[in-house]
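Here chain A shows up in two complexes: once beside chain B, once beside chain C.
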Partner chain A sequence: MILNLDKNKKTVSDNYDAVIIGGGPAGLTAAIYLGRARIKTLVIEEMIPGGQAATTVRLENYPGFPEGIGGAELGSLMEKQAKNFGADIIYDNVIDVDFKNEEKIIKLNKREIRSKIVIIASGAKPRKMHVPGAEEFEGKGISYCATCDGPLFRDKNIAIIGGGNSAIEEAIFLLRFVKSIIIVQDLPKLTAEKILEERLIKHKNVKLTFNNKILSINGEKEIKSISVEKTNSKKKMDIPAEGIFIYIGYIPNTDYLKGHIELDKFNYVKTNENLETNIKGVFAAGDVCKKTLRQVATAVGDGAIAAFMATKYLENEGG
Partner chain B sequence: MTKVMVYSTSTCPWCTRVRDYLNSKNIAFEHIDVSSDREKAEEMVRKSGQQGVPVLDIDGEIIVGFDQAKIDKLLGL
Partner chain C sequence: MGILSQEDSDYLKKELEKITNNVIIEFFSTDNKDKCEQCDNIRAIMKEIMDLTDKVSLKEFNIDKDKEKAEKYNIKMAPVLIFNNKDNGNIKFYGVPSGYEFSSLIEDIMDIGTGNIEFDEGVEEKIKAIDEDVNIMVFVTPTCPYCPAAVRTAHKFAMINPKIKADMIESYEFPEIADKYKVQGVPRVIINEKDGFEGALEQEKFLEKIIENL
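For the complex of A and B:
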């Protein structure tokens, strides 16, 4: 008897009416709407349900959860809801696509999926810092995920590079482990929501420093300091740190789309207001799109619109 | 039998992905939560030279992060 233990292969076919690339809030919302329209839908997620939101300890600005909700918990609730309405979900990497013909092809590690329509919801990932020392110390004292690695920095004096919502939210989370935090921001002020700033500066072991251009990250076996140049006075100085968390923005997950679809100069997917891309039958939703505000709340809205337009497309043309 | 150890923290999504993947392949593994066990956290840093999770130890071979190709190779999947 041959046992096929690969759950993915057992339950997932190679032909769908709709394939959603990315199982974050945008992709899973689209899956809920398409499932309810009784469209045969597959979601392909690389990491875990919730995508990048799943790496957020607590979401406090997503409506319906007055006490906040864990990002991973929200992701798994959305996954459950999408499955309830019939969507299939697999965990795999999309390595290439072929959008040349009416039937779209999505290439995974070991197989291909064919679909009438595609919704791109592959989101974004943290932007890496490119200064001397940043690459060498990545994973060895530099982390881009406080939720993941925070507990490994117990009792250390750490620095956080960045001053937006992610930087400050994660700083507040890290305070439960670390001895002290210095926020190293390039601008003259934080860009995070005021409520987060208020909560952060209440802590005595938190310091803030502004107008810093990062020059290098220094140390031998372990990180010792960050060299900065003051953007106003041009003075150079070293900030001591035993560990560093970096939150300097995001870059879209669109490498697999290059040459297949229109991207903007930052590689975000260009869409019209109905979230249609330049390719018929291919839509985009969430953080991967060229847009003003990237939040769970806006991703969810995108997912609903993309699914609605995709449903119309299948009824009129693709069906 | 191959001995598989997974060092992870409870809140790390890629750690969840590693554990789900091993479970889906019916691979037995020892799960070590380094967020609550400081000694094991030091052991992980010593073995991998890394201060990040997940780290897998497959019969002494160290894999940092969810590297499916490498996991498949070491486990013969």
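For the complex of A and C:
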């Protein structure tokens, strides 16, 4: 049972010392540290506490939980912990920012908030597939969230596009519901952790296919198949599927930052090792940053560093 | 051991103390054993809540026996929980409100019990002004983190306008109806039998969709 109450009930002020954009693991960790430093802190989250982590059923590699922990549960525990130390949390969407002056402005749908420092922790979202049929069938047989939509594919033969950690974790989850799974990977091997791969291939109703370039997703009212081209032989073939889950990577949630802060060519926020951005008083943490490993454990580490640096900044500049 | 942890249960007890109006919930079970697989689960969830407050009450009916009542509230299938403070029965949960939807159930209870229902600016008046029948179905799964937002918006609208009927439908428990409306992604919202939209929309956009489908 997930008890996640009190959303939107909080009236928040318009002025903070620290505003954190995003209530995922990075943002909530930063809020815990800032709260303990007795800094007046606001977290702005548009959907649910825990961010992407909350969209997976179970996390097994986050230390401290030898049996694993539910992603949503971890998210609401982090939220509780941040609130315990005095951080405010509101559920709203940051649509724009103004970092030109020392006082930073964060623009929400219907209000503006001013803050001395900002920590960007808006994370990432699933990369969409762009081939004929992909858009058309989204929500009609194509899903980017197995946790959400998995139960709707009971007894279906499905395909999963991708071969990384998320793809294989979610495949294992989907096996509770579906009849069979085929993993459609573009590379010659899976890139997921070995332990996940071992667990997956134990199941008799799982097949894998490698070196596939997706050409299109086909069907009339319902999905029937995926057309692929073999990357080596260039041979074309059709893979039958009644439903498709896509895990082909992520894109950062940085649209609202364009023109305000330095991004890399994939639109991730550029920082130095102290998680400072090119704007003084603006820090970034978690999946939204240019970095090598995007996991809860690294997001949490980032959140702590960004909060520490922000605290120092406030002591030196803001005091 | 109850369903909730001690900590959550303590927290919930405090929340429920804020209730000033009695909240009347009706539960329709069914004789069909397959369909009623989850009935005990629903009873257990309700008991857990009622153990924490005497302001919430549950009456049980049977869709196959209490036909007249079932018809009056336009009950399509069971198990279903209905909020029935105004003898209108326009706020429903088809299937177990478990997982994320447990929060929707509690928040509905709090809204009705305190009379304190929050809306975004300008939405409340527009909802109250709707003078046509509106049927909203929100298809969910218990593991969908984005679903409660859609359920709650639909239910809040129904709380302030009796012409609006808002159903949460747990898709995994009612696959026939989920199939009928071609639900393959949740939350899927159907308005007046027409394909509404997928996803959790802000109140104002949700309202626009209702008006489009009137």
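Basically, the second predicted complex is superposed on the first by the 309 of 319 C-alpha atoms of A that agree within 3 Å, B and C clash if a C-alpha of one lies under 4 Å from a C-alpha of the other, contacts with A are read in each partner's own complex, and residues count from 1 in each chain.
Here is the rule we go by: contacts are C-beta pairs under 8 Å (C-beta built on N, C-alpha and C of every residue); 3 or more make two chains touch, one makes a residue touch a chain.
Since the structure is predicted, the reported quantities are computational estimates derived from the model, not experimental observations.
Of the two partner chains, neither chain B nor chain C is touched by A:Arg38.
Shared interface residues of chain A, touching chain B in one complex and chain C in the other, are 5, 8, 47-48, 54-55, 57, 72, 109, 139-141, 143, 145, 147-154, 243. By the touch criterion stated above, chain A contacts chain B in their complex at residues 5-8, 47-48, 50, 54-55, 57, 72, 91, 109, 139-141, 143, 145, 147-154, 243. Those residues of chain C whose C-beta lies close enough to touch chain A in the complex are 3-4, 8, 11-12, 15, 45, 98-100, 102-103, 106-107, 110, 118, 120-121, 141-149, 171-172, 175, 178, 182-186, 188, 198, 200, 202. Every residue of chain B that touches chain A in the complex is listed here, in rising order: 9, 11-17, 20-21, 24-26, 34-36, 38, 41, 45, 49-53, 64, 66, 68. Looking at the complex, you find that chain A touches chain C at residues 1-5, 8-9, 47-48, 54-55, 57, 72, 109-110, 138-141, 143, 145, 147-154, 243.
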